[in-house]
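The same chain A turns up in both complexes below, where it pairs with chain B and then with chain C.
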Partner chain A sequence: MYVLQQLVNGICQGSIYALMAIGYALIFGVVGLVTFTYGEIIMLGAFSAFYYFIVFGDNLILSLLCGFVVAGLVGIVVHKVCYQRFLDAPRYISLIATIGMSMFIKNLAIIVFGSTMKGLPLFFEGQNLVIAERTIDGVRQQLSLTYLQVVVIVTVVVLSIALTLFLNKTRIGMRLRAVSQDRKAAALVGVNVKNTTLLGNCIGCGFGGIAGILLGLYYNSIIPTMGGVAGLKAFSAVVIGGLSNIAGAAIGGISIGIVENLGIAFIPNGSGYRDVYAFLFLIIALVIKPEGLFSRRTGTV
Partner chain B sequence: MKLTNKIKASHARDYRSVLFVLAAAALIVAPIIIDATVHKSSYVIDIMVRILFYVIFASSLNVINGYSGQFNIGHAGFMLIGSYTGALLSTKLGMGGVWYWVAIPISGIFTAIAGFLVSLPTLKLRGIYLAIVTLGFSEIIRLIAMNWTAVTNGPMGVKNIPKIWLFGLRKTSSPMVIYYIVLVFVVLCLYSTYKIINSRVGRAWMSIREDSTASQSLGINVNRYKAFNFMLGAFWAGVGGALMAIYYRFISADMFVLDEGFNVLAMVILGGQGTLVGPVLGAVIVNLITEFFRFADEYRLVLYGLLIILTMWLRPQGLAGATNTVLAGQAITQDSSKKTAVDDGADA
Partner chain C sequence: MILKIENLVVNYGYISALRGISIEVDAGEVVTLIGGNGAGKTTTLMSISGLTKIDSGTISYHGQDMSSLNSDKIVKMGIAHVPEGRNIFPKLSVEENLKMGCVSQSRISNTVIQERLAQQYQLFPRLRERRKQMGGTLSGGEQQMLAIGRGLMSDPELLMLDEPSLGLAPIIIDEIFELISGIKNETDKTVLLIEQNAVMALGVADRGYVLQNGEIVLSGTGEELLHDEDVRKAYLGG
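Here is the complex of A and B:
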């Protein structure tokens, strides 16, 4: 039962990672460059919600929207500074620029927001959705989902469906996919590659911002340095998923969440090693299949 | 024509060696003069020691990133292994004092083995995949050091690292003596790097960096050279880490977070990857900036970030970087490809 509970927690946590990974894969798809600023985007999304709650009160849906917009706007800045000039340069140049950007944002955030941990308001405190229950030797065991976990999963699923519809059914979405597949060909058939790239980057960052809020709600704590590991996990999920493959990224994210939580369940005193499992999983996955587990084409990098 | 070139070259060499001797003399005499003249001499010498540490770290990272074009961004992991090995050997196995001289190379070798292990899965990987593995490795190592309390003392770190003895000279904890010890290792590190870079091995690395497929077809065993490259970089990072352990006499896993790795990376990039002077220059500049902006301590890292972005905008190959390699953001053209190997040796 305990293991099952950890599996459920893993799926829930994994769905947050999946959302981050989806955003990352979208950015990687349209921009074609790897970013290290994504963790900071996630962090800024979470902090925007923190201030939203202070100023406008506890409205979850609007706060998510706020996170989306703020992260998207930061995405524009990142795009102008780190990508636009370097689209045709070797990839490592923009990558290092994003490392610089990440240091810049993170340390500015520490100054502006303070380096202490902050809590987001608690939603649905203590309310559980009991899935299964049993009693062994008089000890009652429960397999349950907190309402918060339900909200997280529902949000992620809704957003993923919305993105899928957007990419497949609207003209803008099709342009995004076209740019992601082949920039030059897209330009030839009349797609404004520059604006489309910018838009794709903004949407991807927006997803990161929402994921940041969910992460903050889930752990009930946000801190300016939270972006580092979060961004790394998003990146790992995308790499496992085979870069720029959005469905693969989502699966990668969920599997990282599951691996983490099962690792805690099976290895005694292992909770300090949580991130170790995630990264070990990444390395093993890459050794088995160097271009990612779900890639359709070989990696472009 | 050929003769004049030769004469020019020999002039350049004379000029360089004079400059080299002057620099060496300055480095040797500097702490003595500072000690005699400057009021807070130990503070200044402390900065100089720190710069020397980072020269080792940056140069070792440059061996990997600059010369073979493998993109290692988790260098902090190697630094951690080296300094924990040194610290644990001296505290738990009693290899302090004179024995620390043995512990330093052991730390280096141990780190090189770690470098070899990291290079195994990464041989198949390129570019960004390699980068993410090194990053993951660095984080894994740090978390293990943080949580494996029985061996590493966990989050408390390793305290009371014994002093190093220099030929029975027991009072060697002063920054001044450590300065000279580290200086010796810096010279060793730079000299060995210089020798290797200008040998067959170094040329093989550079050709792998410029075009791995072409080098393979020329008969270069790409995998073996890449693995050796990682080991050499890791070795010097380990030696630097072990030296750091005896200087600070306290180490903890917090000193080797990812940002520390990025910090070293920033030095390499600012100075110029793929050159011998680049990382040295980068380490000096970044550390001096750090000290200069100590009054605005919290803005220091913000400034770092800006500096890195600015470098990428204005001079992506770094201050001392050559302009005609893939690192400079230029495709190799027919005639520049001939020069690359020579120019990149920096002092060739």
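Here is the complex of A and C:
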């Protein structure tokens, strides 16, 4: 029962990673480069919700919207500073620019928000959805989901479906897919590659912002330096999923969440090594299938 | 005259690809641009499409200067460019690739899209058979057909083809040239055709230009060029 419970926790946590990874994959797809600023985008999303709650009160849905918008706007800045100016320069210049941007945002955040841990409001405190229950030797065991976990999973599922529909069924979505598969061909069929890249980058960052809020709610703590590990996990999930493949990224994220929580379940006193399991998993996955575990799928952006 | 290029100069860093070429294309014509490797043929088409920065000279379409326009604007003016190397979307199905051809025309209705799809399938029955297959898994010849079909999906006034016969079996090349003469005889579309296969290109073209080291060295009707001594020596094996 304990293991099952950890599996459920893993799926839930993994769905947050999945959301981060989906945003990352979208950005990687349209920009064609890995970004090192994504973790900071996640962090800013979380902090935007922190201040949203203080100023406007505890409305969860609106705070997610706020995180999406704030992160998307920061995405525009990142785009202008790191990508647009270096379109004709060698690609690694942009990459280094995102590293610089990441340091800048992180340190600015420490100055503005303070370097201490902050808490987000507790939603649905103590409310559980019991899935299964049994009694062994007089000890009652439960398999349950907290309401917060339910909200997290539902949010991620809804957003993933919405993005998939958007990419596959709308003209703008088709343009995003065109740009991420072949920029030149996209230009030749009349797509405005520059604006489309900007839009894809914004939406990807917006997803990162929402994921940041969910992460903050889940752990009930946010801190300006939270972006480092978060960004790395998003990146790992995307690599495991086979880069720029949205479905793969989602599965990669969920598997990282599961691996982390099962690691905690099986290894005694293992909860301090959560991140170790995740990155170990990445390394093993890369050794087994360097092109990404799910790269054969056709769900590319 | 729909397309007019005057004194076009394009440099890639220190390499000069085009040294002041002038080309005119009339409505309804098939005009071909022939020349050896590195002559600047692809660069010419890329400049028309707005994908290469031009250093000097003008390109105008229906009298409107478009040398500073973005490529998406140029497509909207009715120009389709089927690139060398085809640039098929590898992870879209054949049908999605075709639909991408008119993704920039936000006003056309679904029925029009379906009509145009049907036209391409009629032109290339092989594409219909493979409409669910991923673009990246098509053979070279099929990819070329798909690239042309995608270009035609926007119902362009001017169709620009960059070496459509490159790397294809003779029988497929025949098919492609048949298609080009079909476009010439049965539609009012204009074609700007780039080829190394000079015999076939001059055979179908109304007029042609010979490009060498970034300069136009000869021009005339297809017939004239086909019988020109220099052209025969340089491109037709004597």
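Some observations on this one:
Basically, the second predicted complex is superposed on the first by the 290 of 301 C-alpha atoms of A that agree within 3 Å, B and C clash if a C-alpha of one lies under 4 Å from a C-alpha of the other, contacts with A are read in each partner's own complex, and residues count from 1 in each chain.
Here is the rule we go by: a residue touches a chain if its C-beta (ideal position, glycine included) is under 8 Å from a C-beta of that chain, and two chains touch if they have at least 3 such contacts.
What you see is a predicted model; the values in this text were computed from it and never measured.
Aligning the shared chain A places chain B and chain C next to each other free of steric conflict. In the superposition on chain A, A:Ala97 makes contact with chain B only, not with chain C. When the two complexes are overlaid on their common chain A, residue A:Ile213 makes contact with neither chain B nor chain C. Legend: residue contacts after superposition of the two complexes on their common chain; A:Leu199 is shown touching neither chain B nor chain C.
Judged by the touch definition given at the top, the superposed model places A:Ile153 against neither chain B nor chain C. In the superposition on chain A, A:Gly272 makes contact with chain B only, while chain C stays out of contact range.
Look at A:Val31: by the touch rule set out above, it reaches neither chain B nor chain C.
Once the two structures are overlaid on chain A, chain A sits at the apex of an angle of 90° toward chain B and chain C, using CA centres and rounding to a multiple of 10.
Of the two partner chains placed around the shared chain by superposition, neither chain B nor chain C is touched by A:Ile42. When chain A is checked against chain B and against chain C, the one touching more of its residues turns out to be B.
Minimum C-alpha separation, chain B to chain C, in the superposed model: 11 Å.
Overlap of the chain B and chain C interfaces on chain A: none, as no residue is touched by both. Against chain C, the residues of chain A that register as touching in their complex are 171, 174-175, 177-178, 181-182, 184-185, 187-194, 298, 300. Residues 34, 81-82, 85-86, 89-97, 99-108, 110-111, 228-229, 232, 235-236, 239, 243, 272-273, 275-276, 279-280, 282-283, 286-287, 290-291, 299, 301 of chain A are the ones that touch chain B when the two sit in their complex.
The residues of chain B lying in touch with chain A in their complex are 71, 73, 121, 124-129, 131-133, 135-137, 139-140, 143-144, 146-147, 258-259, 262, 265-266, 269, 298-302, 304-309, 311-313, 316, 326-327, 329. Contact residues on chain C toward chain A in their complex (touch as defined above): 49, 51, 70-72, 75-76, 80-81, 83, 87-92, 96, 99-106, 134, 150, 154.
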